Amino acid sequence: MAVAIRQMTYAQAINDAIRMEMRRDPRVILMGEDVAGGATIAHLQDDEAWGGVLGVTKGLVQEFGRNRVLDTPITEAGFIGAAVGAASTGLRPIAELMFVDFFGVCWDQIFDQGAKLRYMFGGKASCPLVIRTMIGAGMGAAGQHSGCHYSVFTHMPGIKTVVPSTPADAKGLLEGAIRDDDLVVVFENKMLYNVSGDVPEGEYVIPPGKADIKREGIDITIVAISRMVHQALEAADTLQAQGISAEIVDPRSLSPLDEDTILDSVAKTHRLIVVDEDNPRCSVATDIAALVADKAFSELDAPIKLVTAPHTPVPFSPPLEQFYIPSPERIVATVQELTG
Amino acid sequence: MVTKQGGGVSAQTLDKSQLLRMYEQMKTIREFEERAGKEFASGKVPGFVHLYAGEEAVAVGVCSHLTDDDYITSHHRGHGHCIAKGVSLREMVAELLGREAGACRGKGGSMHIADVNKGMLGANGIVGGGFPLAAGAGLTAKFNDRGQVAVCFFGDGAGNQGTFHEGLNLAGIWKLPVIFVAENNGYAESTPVSYHMSCRDIADRAAGYNMPGVTVDGLDVFAVYEAAGEAIARSRRGEGPSLIECKTYRYYGHFEGDAILYRTKEEEESYRARDPIKAMRRVLVDRGIVHDAELEAIDKKVQDSIDLAWQFAEAAPYPAPEDALTDVYVKYP
Amino acid sequence: MLKEEHSMSQPLVGIIANPASGRDIRRLVAYGTVFDNNEKTAIVRRVLLGLEAVGVTRVAYMPEHDFGILPRALTMMSSRHHGPSLQAEPLQMPVLATSADSTRAAQMLAEMSAGCIITLGGDGTNRAVAKGSGNVPLVPISTGTNNVFPAFIEGTIAGMAAGLVASGCVGASAARRAPRLAVLVNGEEKESALVDVVLSSVPFVASRAIWDLSTVHEVVLSRVAPATIGLSALGGALLNGTAEGAEQSGMHILLGRGALQVLVALAPGLVEWVVVREYRRLAMDDVVHFQPSTGTIALDGEREIELSQTSVVEVRLCADGPFVVDVPAALEGAALAGHLHRGSTSFRGTAGDHKGSPSHATPPSPLRDGGFTCMDEEPHR
């Protein structure tokens, strides 16, 4: 049966995913700072409420009401922890941690409580919680509003992590996360909110654990994460003109990681670079490099190269911020190193 | 030079030069923010700005009692605190524009302007991030034992963060010389205090931390001046922390770009009718303390200094891209 | 929305709870504690239950800008204790979040023929209320800092007393008229104080409170009360036994240089020796002329009026202040009139005047009969 396809932005796709799941399951609730906006303000018209700081959750409170779309005070430890508690007692909350950089405020509730309770309670409890959070530099939001840090979450046993790069993936991975019975963190890149793409209508579910080949090629595998998929696609066009065919693998899910897709790709191309906007030490990039060095060493014709941000916080000034973010030019140069 | 002894400073001790200085500082903050808002709207300023316009009486009423040897912690709406604490205007504008001559060499931007040499421990992008930092500065002050204080500026939203509880509790048990100044402007982003706070007034929470709490009209610079003066004098004498809640109002949105539909125009107008700078001006002129002409001269001086700061900053060079790699550590490896 | 009916059978009681009282700078310059607004909410709950117990069904209250004291008190009352009979509505008035709200609320309640107004606040709150309350008797509950005018009474009792007064179950003897001080600036009556008027040398209203007596030169008191905090205690300390009926007349005091020093509790925890230059008693309608100067006039402990060099200020002691309910007298009167009884009247008490004979019919009472007929009865004493 053909599924209808619609043009949507990444932000609209996220909104759609939440709407689909909240219609389907009455236990799904949404909570976070100003996710509806303007709580108790009598004069505020429906379409005037914020719907999230960048408007991603606009309109949901009108359909589902304030018992299921909850504005919280600015108390991350409090409401993320409350989301863990609600999830482990029968609700299926979607909690918004506005910027991933704020995770320090609520980290205990995520990693020591939510991530570990199933294990510590002998498998007799679970935490089907989704945390949505914004990542990414490029908006001039500076050091405390621009990081990625999915590596820290991916490192923790008990947490699943997904990183959509397109509107369709955003919808599918979010619906997949909501239906998943474990604690899943969905990292939404703020620079992608206005990117448009084809998105299936109705319910669309991509469970965590499945990568996607965003571009097929034979000369080199580029594993790219989140917005870096787009940087890599741009680099691939340049490389194509130079006669180099790059295959771009979008893991989509960092934990669990679709190892087979990556390994199969390396078996085909024999070269690998990983493009990751996160900081380089103990990152997902190093994790994937170690995986391939371990399991596909004999397939490699060249060393694995990583194209990442530097080991610094995100700087504010535009030229510094552009230096920080891996660019298509750096990707091209790195590929040329390996194929030259 | 701060002193450990001595009582508070009531408004009656303000002489003409001090009054004019307070007026000038409030006017500088207002004009700085208006200009920043305009330039942001024209696309010149990257990232986000959170304007302090409307709240000037709090920063000035409090910081008038402080010297460079005292500390303040601030938050995302921090330009007013920076100016009241003496951070250079040209360095502030250069920082907003990401230039190397900026207060943070372009690395921090609006939300992270700091000048530690002047005791300005930074604007902060994490709501509630300042409470433990201020308690720590208070610890240093207590250790130095020369009468220094730390002031923690925070908003009504931050008053709900766990760090509020922890910072005040530490200050209470260790009798730290910290003055917690709540800038209650009625809204945390788009959410009103009547929804997000379980008590009506932040001052009500102070008793739970063994410190006095007072509420003052944050639109009246003299009221803020008196309350802050007493609180700061208390701390300098070694009598411990206190909490001052200033009821105030921000004229603009949570950030620039916020359509502010969650507030009515009538409400905004009713607060603008009580504008703190106009009120101070009226009092000074009606009481014969100054003439209008003297205040006009100050207005012009303020305008010129802001124009000069923008001229300086717009001409200032950007940092080299490789500067992104410096100043992560003092020494590495 | 309350209809403004003058229904003799459904008395109206007003509640004006000031959210801003009890949290000013006297917590820093003296040892006052914050009177937190959750505690005021708890008091109001008790007031409402006291009102309801004596049959009051209509309450109107001063609204606040945010979710305020009255709405919180109403939503948190247990359905076990709170019946559906009591209707409490906010007054329809704009909220300015200043003391003018208290005055406006009092005016409206007077226009609506409220039988009693309960206030929560200190001297300043009641000053604002008294400017609008006209002849409506007040039950002032102390929740402020300086509390010469209001009393420390428990909320339930305050509610019961107010309800009994409003329904006419106790009469005029339960309320007394308080004095007031009229303040005239340049010949025009600008303001009114209930307890004291002070000339302060501080040039700005600022944080309002007065805590540094070196800035005070002249004091006019409406009453002299030794066991209070604030400048009225100064009057009490100056009592020398020569005046009769000390509560009935005021005092004019000049501070500054002089031989006489007086020990005064100025603010919570703040007891100081004050130098008195001169003082005299004031009778009703006496006028005090302040020396012209710059500075501020403080009313009931709060700086209110900023003066210019040419301001001429006079203070007159007037007998036409607000009516204040004597709560113990009201409850005693109600008990003696049988309004707190039901069932058998064969019980004879042993003390005081009472109805006595077993053949005396149980008087009508709102508590038993549901209707209000107390208006026709004289209280028995």
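Letters A, B and C name the chains as they come in the text, with residue numbers starting at 1 for each one.
Rule of thumb we're sticking to: contacts are C-beta pairs under 8 Å (C-beta built on N, C-alpha and C of every residue); 3 or more make two chains touch, one makes a residue touch a chain.
Keep in mind the model is a prediction, meaning the values are calculated, not measured.
Nearest to the common centre of all protein CA atoms is the CA centroid of chain B. Compared on C-beta pairs in contact, A-B and B-C come out with A-B as the pair having more. Taking the mean of the C-alpha atoms as each chain's centre, chain A and chain C sit 62 Å apart. Taking the mean of the C-alpha atoms as each chain's centre, chain A and chain B sit 36 Å apart.
Look at where the CA atoms of chain B average out and do the same for chain C: the two points lie 39 Å apart. For chain A, the set of residues touching two or more other chains reads 40. In chain B, 192, 194-195 are the positions where the chain touches two or more neighbouring chains simultaneously.
Each of the following residues of chain C touches two or more other chains: 67.
Listing the residues of chain A that touch chain B in their complex gives 33-34, 37-41, 43-45, 48-50, 53, 71, 73-78, 101-102, 104-105, 139-145, 310-313, 315-324.
Against chain A, in their complex, chain B makes its touches with residues 46-48, 95, 98-100, 102, 104, 106-112, 124-128, 157-158, 160-163, 188-192, 194-197, 259, 261-262, 264, 318-325, 328. Taken in their complex, chain B has these residues touching chain C: 8, 10-12, 192-195, 199-201, 203-204, 206-207, 212-216, 220, 222-223, 225-227, 230-231, 234, 242, 245, 270, 283, 286-288.
Against chain B, the residues of chain C that register as touching in their complex are 19-20, 23-25, 27-29, 32-34, 36-38, 66-69, 96, 201-208, 212, 215, 294, 306, 308-309.
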